[in-house]
Amino acid sequence: MVLVAIIVYILIKVLPEIGWTFLSQSPSDMGRGGGILPTIVGTLLVTLLAVVIATPFGIGTAFYLAEYTRGGILTRIIRFSADSLAAIPSIVYGLFGFIFFVTQLGLGLSILSGGLTLAFMILPTLIRTAEEAILTVPQSYREVSFSLGATKWQTIIKVVFPSAMRGIVNGLILSVGRCIAETAAVVLTAGSALHMPKSVFSSVRTMAVHFYTLASEGISMPKAYGTAALLIILIFLINVVTNILVNRMAAKGR
Amino acid sequence: MRKFKEKLSGRVFFALAFSSISALALITVFILIKGLPIIGKIGLSEFFGMTWAPVSQNKFGIFPMIVGTVSVTLGAALIGVPIGICCSIFLAEYAPAAVRNIFRPAIQLLAGIPSVVYGFWGLIFIVPLIREYLGGPGLSILAGAIILAIMILPTVISISEVSLLSLPRQYKEGALALGMTHWQTIKSVLLPSAKSGIVAAVILGIGRAVGETMAVILVLGNAPALPASLKDSVRTLTTNIGIEMGYASGDHQEALFATGIVLFIIIMILNSTAQYVTRKKH
Amino acid sequence: MNKPIKIVINNFDYYYNKKQALYKLNLEIQANEILSVFGPANSGITTLLRSLNRLAELNPEGRAEGEILLDGKSIYDEDVNVTELRRRVGMVFDVPTPLPMTIFDNIVYGPRLSGVKNKKDLTAIVEESLWQAALWDDVKDRLGMPAMSLSGGQQQRLCIARVLALKPEVILLDRPCSGLDPISTAKIEESLIQLKEKFTIVIAPHNVQQAGRISDRVAFMLMGKLIEEGPNEEVFANPKDQRTSDYITGRFG
């Protein structure tokens, strides 16, 4: 109930604030006026980059662990490290990203650094959720597929992957949510520039960072509420849309 | 052709797995390399010492931050865990399906809300309450504990609910058939059997609390000193990194990496415990 | 009894780790017959069937010794294409195992893998296989429905149709009726008897009566060893081995 109170509280404060201008204009006067368009763009770009980079590696690793290794010690070590790394505080990833991508590789505070850091951050979660999903696919599906003359690759693509899809997508959504919500790791790697990004090397401010800046420095409470509400709505929408998509996909199968 | 494809796909999967794992190893190694030298240089006793004054005195003692992390986390667990477990019992045993169907996605959503939003809510809501009724600045251990308690609720609720629901139905039916009441069944049969899952939930929740940065940065006040009471301001290990990383350099920067190592180790220990507890059952 | 020999099993052993599951098996299987391999649980029958299409090797701890010849060629030779072999020797499992896709997609799963793409050809295959498995009338109007929506008996007949769509030479059935009601069982038995015109069928029946009803020849196995084999009537009327006779008359197992 407390939790619901938080959402309702913020949403009520906010509804008058969100309008077309809020969504479509650049901020002026440090965020006191105007809208938050650049931060929306920044959030989407950083998240997109992270997910696009991490997904193939995460899912590929999961398939390798679940289908190609025979559950030896190595697999268990990898599983344990992925589990542990999934729980490492995001700020530690930020620390790593700041030194490695921003400084060492000279990418600067940029969309690229932010996206790469977040990709590292969500990778362990992606691997574990996808692997769990693959392992829950009944062994009999694989046997049937082999008995019908399929090769391993064909079995994975045509049977295992579609059956594990639901779980894999769930893990993906979780990761997207984490990227959108992430503040600490992003502020250290993508920076907090308040203008439209020109390339992947531009620094951006994501919505979460923008919200943090507005709120902690007391720049503009109404704009802060607006940003927060938009963040929550965004995450809510992603949840709902993917739930619908996944259910529809699952319905087709059984 | 087919054979080739088969071989290739195996190789590709291996390559993907290999690079992911190297990437993960890279992080670990990198943080260790960056953080260990400073610990060697100043010695363990100073590193775990009382004074954190990186710029003025070149002192890097993180003990106050450890106390900060432990106190806030403990507070959060004391508040959040009982509530979370009660919620999960309610959802798994008492709630009608309709209620459950509303609650579950709601909890999922709450887990997804940016932590900085929770922190902000604490800043404008909890902090003034504390200032008004308990005195002090309001930015305090108590405020942080309350916010973190709320934040770990989704984790605790969902994992303990799953472990309650995954118990064989016979346990419950057997107990009820012996004439126990519903509550007696829950207390003496279901909870003990689901114990390992619930404990794992609590540990993972604590892990989340330890690792949280942005929510606590807003409500703790962030003074790097030992607190005397619940109303005092503290700084946690995570906020220490978050606040100073932007401008730190040299030894100072390395000290922040060393702080990262400490966090890393705490999480590793918590995680291994959780895994040990869940595995013991099977 | 002058049908050609389809499969020859020569001194065949099978091990799981150190545990031996099959002992020096020798058996000939004739083309276009129904051979029932029966015996109590854990006699190695499933292992035997899975060795015939090399599905047993999915278990990393399994190891085969000896030889199995299909049309005179050893299936364990190095140059044997395993997927090709599995297409020639199709298998139906003990529980119905439709894949999580539509009825249509289930049946064309194998043909599509071997490169049949033309929609018309696929439709023809589906219709023919469903006819042969006596399922066409049940499902002809809902080929696009998920296969999971069928009843247990229908699912199992779908699995048979799915194997038939491969145009195999041999069909292995591992206790295909174990979870089914008598009516579904009768339907499946009926179609098997018709199918032997075209295929060689090796079945592990789920009880002795089924072996008696449908087989041309039977083989009795116990603890990984082949005890006795011969024409159906002979083995059931006067078994040569005491253990066979005990099992048939229900004294154990």
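Just so it is clear, A, B and C label the chains in written order, and each chain counts residues from 1 on its own.
By definition in this document, contacts are C-beta pairs under 8 Å (C-beta built on N, C-alpha and C of every residue); 3 or more make two chains touch, one makes a residue touch a chain.
A quick note: this is a predicted structure, and the numbers were derived from the prediction, not measured.
Farthest chain from chain B, judged by C-alpha centroids: C.
Ranked by C-beta contact pairs, the top pair of chains is A-B. Put simply, the chain nearest the middle, going by average C-alpha positions, is A. Annotation: 48 Å between the Cα-based centres of chain A and chain C. Centre-to-centre separation between chain A and chain B, using Cα means, comes to 19 Å.
Per-chain CA centroids place chain B at a distance of 54 Å from chain C.
Shared contact sites, meaning residues of chain C that touch two or more other chains, fall at 83. Contact of a single residue of chain B with at least two other chains is seen at positions 2.
Annotation for chain A: residues touching 2 or more other chains are 151.
Residue ranges on chain B touching chain A, taken from their complex, read 2, 5-6, 9-10, 12-17, 19-21, 23-28, 30-31, 34, 105-110, 112-118, 120-121, 123, 125, 150, 153-154, 204, 207-208, 210-214, 217-218, 238, 241-242, 245-246, 253, 256-257, 260, 263-264, 267-268, 270-272, 275. In the complex of the two chains, the chain A residues touching chain C come out as 70, 140-151, 154, 158-159, 162-163, 252-254.
Contact residues on chain A toward chain B in their complex (touch as defined above): 2-4, 6-7, 9-10, 56-58, 60-61, 63-65, 67-68, 78, 80-85, 87-96, 98-100, 120, 123-124, 127, 151-153, 156, 174, 177-178, 180-184, 187-188, 208, 211-212, 215-216, 224, 228, 231-232, 235-236, 239, 243. Across the complex, chain C meets chain A through its residues 53, 55, 58, 60, 83-84, 86-87, 90-91, 93, 95, 97, 99-102, 109-110, 113-114, 146, 148-149, 159, 162-163, 166.
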